[in-house]
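Here come two complexes built around chain A, the first alongside chain B, the second alongside chain C.
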Partner chain A sequence: MSSYLELTARQRIPAMFDAGSFEEFLPPSKRIASPHLAQLDAPVSYDDGVVVGRGLLGGHIVFGAAQEGAFMGGAVGEVHGAKLVGMLRRAIDEGAHAVLLLLESGGVRLHEANAGLIAVSEVMRAMLDVRAAGIPVVAVVGGANGCFGGMGIAARCANTVIMSEEGRLAMSGPEVIETANGVEEFDSRDRALVWRTTGGKHRYLLGDCQLLVADDTAAFRAAALEAIAALGAGAVGLTLEGLLAEQAMLARRLHDAEGVSEPMEIWRRLGVPDPARVPMLEADAFLTLAAQHRAGLPSDAAHTGEQ
Partner chain B sequence: METLHFKFGAGERPLTGAAQMVGVVGSGNLEVLIEAAPLGGACEIDVHTAAVGFGAIWGAVMEDFHARWRLADARISINDNGATPAVVSLRLDQAVESLLGPATGGTP
Partner chain C sequence: MDWQTLATQLFPGGHAIVERDNFLSGSAQVDGATVDVIGTSGHVPIGIEIALAQATAILETVQAHPGRPILILVDTQGQRLRHRDEMLGINSYMAHLGKCVDLARRQGHTVIGLVYDQALSGGFITSGLIASACYALPQATIRVMGLPAMARITKVPEERLTELAQDNPVFAPGPENYLRMGGLHGIWERDLAQELVRALADCPHEDRRMALGQERGGRLLAQPVAAAVRTGSDVRPA
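Moving on to the complex of A and B:
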């Protein structure tokens, strides 16, 4: 096994795509760095924290990106966002087989304020445009920084989200919640709590993530191939029917979680017999257990449609 | 931020191949972009660092680097976020090895 979590963005690309097939757009030698960070006298990166380009995955032309979590928490600035949007638009122009996004981001890069906010919204719109063009979009969340803020929303604009237990997906991150609402509301230093509320297993049980794998690059690659193959057979665009089903699923989830502050209690309500065991299970054992109890699947039309 | 520039002449090992980048501009880390460039046999290194006032230490690290590799026609560009000298040396070697393969000559 080789950990996906431990890899940099630049190491993840060759681990996920067919060997030697990836061609990077705007590589570091072009030195397209953030003008905002330079103005603030802060360090820049020659790739602005994201690798974008086109490669082969299982022999098919797949466009892709990998965000670097170690550079400013993978946060999206103007250049970073523009690279993602440009890659997504080119995927449409060139009729890509699929788009694979290796996400690791705290969301908007606050240093870049409105430019970063606009960049994230443009990424979301471009992802939906790619889907509308009939091209499946698959998001992978398995980095140490998780996927939060605007990029958390963007991840859910994909057809399929693949996570590991170690991956985290949410809107507000733990420190943000604690800062805004107090430590009694959420203790960001309670790592077990953080993973119970944002980690891959919770997201899988709630239906926000469609495929869960062990933290292994080969497992992530196999899941990406599986997801793209499954999506290739059906419609991938956003539909009113799909949105209404999603809304119904969210309303049901809100109802089911009424008055509950502990994720394990939500798992219990889903029918998981011994919720305290869930965090200790290896991926395979967890998937066997979860199969009978996941919210959203298989009864939820939106998610079966997305699969 | 501080920008430092180093230039070493009389290199012996020209670079070939596509530009490579190693490392990440994370806390205590740096990225090193290495490219072949027609510099009349010289090796030029540009450093953009968040740690101001360490020019003499950078100079010593770079002289050691040049003594190890004696690169010719090489441009190296560094974005640094407070890496220690040891980390800088390792990243520089990693960058060169990404183009030339592991060291065969010189003493580390």
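Moving on to the complex of A and C:
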């Protein structure tokens, strides 16, 4: 097993795509960096923290991106966002088989505040344009920095979210909530609580992630292939029926979690026996257990009757 | 501006908007036609319930009134910063709202956002910023976060950020900066009712905000970078 979490963005690309097939668009040799960081005396990167391009996955032409968590937490600035949008638009132009987004991001890059906020909304719209063109979008969340802020929203605009148990998917980070509302609200140093609240197993049980894998690059690649193959059969754009089903799921979740403040209690209400054991389970044992109890829908695509 | 004053100015033909726990919904008459209105008031933080309420209202319009324009009235201090919201997946509720807006657009509804008081970050990104066009009143506040919090997180001294915010659209709050960057299509200075009629008639379908930001000089690199990636060429700055 080789850990996906420990890889850089540039190592993840060849681990996920067919060997030697990936062509990067606007590579670092073009020396395009953020125009906003120098005035804050912050270092720049000639990829602005994201690799975008086109490769083969299982022999099919798949467009993709990988955010680099080590550069400003993978946060989205003007150039970073524009690279993602350009890649997504090109995926439509060239009729891609699918788009694979390896997400690791704190969301909007505060050093480029307003430009970053607009950029994230452009990424979301561009992702939905890709889906409307009949091209599946798959998001992978398994990096050490998790997927937060606006990118946490963007991840849920994909057809399928693949996570590892170590992956974290949310909106506001625990530190932000603790700063705003105190340690009693959310103790950001309580790692077990942070994990129970934002981690892959919780998201999988709730239905916000459709595939859960161990932290292993081969498992992530296999899941990406599986997700794309499953989506290839149906319509992948937004539909009224699909959104009504999602709305029902989200309304039911609110209703079922009335008065609950501890994730383990949610798992218990889903019927998971001995919820305290969940954090200790290996991925396979967890999936066997979760199969009988998880809420939620299949991948966000034309539903084929298994709702 | 409070929402009642706003509604009176926007809809001289009358409206039936109701407010419940800072959630606005209803319909209004614009130039002889009916427009559905959703939104928030009182700078309310967007939590999972109010995000879902807005999404539900949009899908109701899509089902009951195909093609009817939708106006989103924005006034929020941002996403609600609570453990419970995160535990239940507020990002999914926000994404759901954004997807409902997107579906409405694709099914032929004109969807316009109007920031009439405050807009902050997570509360704005799947409402006004995902509409086909977004406008603001001149006195509106739009930002990602306050400069003191930004200073803490970026480790850049607040004095430096304050100085930069004077003339740099990236840091300064305020609608003029979002206008220059293409994030807003316009600022409504005078007759709000007329501005709304015009905006509904002129609503773009494509996302042209990068090009607007370049034309207006507030966001110079986004459009050339996206174009270079898309066409496989070099970046050609404006």
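The definition used in the following text is that the second predicted complex is superposed on the first by the 296 of 307 C-alpha atoms of A that agree within 3 Å, B and C clash if a C-alpha of one lies under 4 Å from a C-alpha of the other, contacts with A are read in each partner's own complex, and residues count from 1 in each chain.
Assume contacts are C-beta pairs under 8 Å (C-beta built on N, C-alpha and C of every residue); 3 or more make two chains touch, one makes a residue touch a chain.
Quick caveat, the model's predicted, so the values are computed rather than measured.
A.B. asks: Answer with clash or fit: chain B and chain C placed together on chain A by superposition.
C.D. replies: Fit: chain B and chain C sit side by side once superposed on chain A.
A.B. asks: Once the structures are superposed on A, label A:C157 by its partner contacts, choosing first (chain B), second (chain C), both or neither.
C.D. replies: The answer is second: A:C157 touches chain C but not chain B.
A.B. asks: Is A:R10 touching anything from chain B or chain C once the two structures are fitted on A? First, second, both or neither.
C.D. replies: In the superposed model, A:R10 contacts chain B only, not chain C.
A.B. asks: Given the superposition on chain A, what is the angle at the CA centre of chain A with arms to the CA centres of chain B and chain C, as a multiple of 10 degrees?
C.D. replies: In the superposed arrangement it comes to 100 degrees.
A.B. asks: Just checking: does A:V85 make contact with chain B only, chain C only, both, or neither of them? Give me first, second, both or neither.
C.D. replies: Touch partner of A:V85: chain C, not chain B.
A.B. asks: In the superposed model, does chain B or chain C contact more residues of chain A?
C.D. replies: Counting residues of chain A touched by each partner, the higher count goes to C.
A.B. asks: Once the shared chain is lined up, is A:R253 touching chain B (first), chain C (second), both, or neither of them?
C.D. replies: Touch status of A:R253: second partner only.
A.B. asks: For A:V120, using the defined touch cut-off, is the partner it touches chain B, chain C, both, or neither? Pick first, second, both or neither.
C.D. replies: It touches chain C, and chain B stays clear.
A.B. asks: In the superposed arrangement, which partner chain does A:P28 touch: chain B (first), chain C (second), both, or neither?
C.D. replies: So A:P28 only meets chain B here.
A.B. asks: In the superposition described above, what is the shortest C-alpha distance between chain B and chain C in Å? Please give a whole number.
C.D. replies: When the complexes share the chain A frame, the smallest chain B-chain C C-alpha distance is 13 Å.
A.B. asks: Take the contacts of chain A with chain B and those with chain C, and give the residues found in both.
C.D. replies: Correct list for chain A: 41-42.
A.B. asks: Contact residues on chain B for chain A in the complex?
C.D. replies: 1, 19, 21, 24-26, 29, 31, 33, 35, 48-50, 77, 79-81
A.B. asks: How about chain C: which of its residues touch chain A in the complex?
C.D. replies: Residue positions touching the partner: 48-49, 52, 55-56, 59, 62-63, 79, 81-96, 98-100, 102-103, 106-107, 121-122, 124-126, 129-130, 142-145, 149-150, 153-154, 156, 160, 164, 168-172, 177-178, 181-183, 207, 209-210, 213, 219-223, 225-232, 234-235.
A.B. asks: Would you tell me which residues of chain A are touching chain C in their complex?
C.D. replies: Those residues of chain A that touch chain C are 25-26, 30, 32, 35-36, 39-42, 52, 78-79, 81-83, 85-87, 89-90, 93, 108, 110-122, 124-126, 128-129, 132, 149-150, 152-157, 169-172, 174, 176-177, 179-181, 185-186, 197-198, 202-203, 206, 208, 237-240, 243-244, 246-247, 250-251, 253-254, 257, 260-261, 263, 266.
A.B. asks: So in the complex, the part of chain A that touches chain B is made up of which residues?
C.D. replies: Chain A reaches chain B through residues 8-10, 27-29, 31, 33, 41-47, 68, 70-71.
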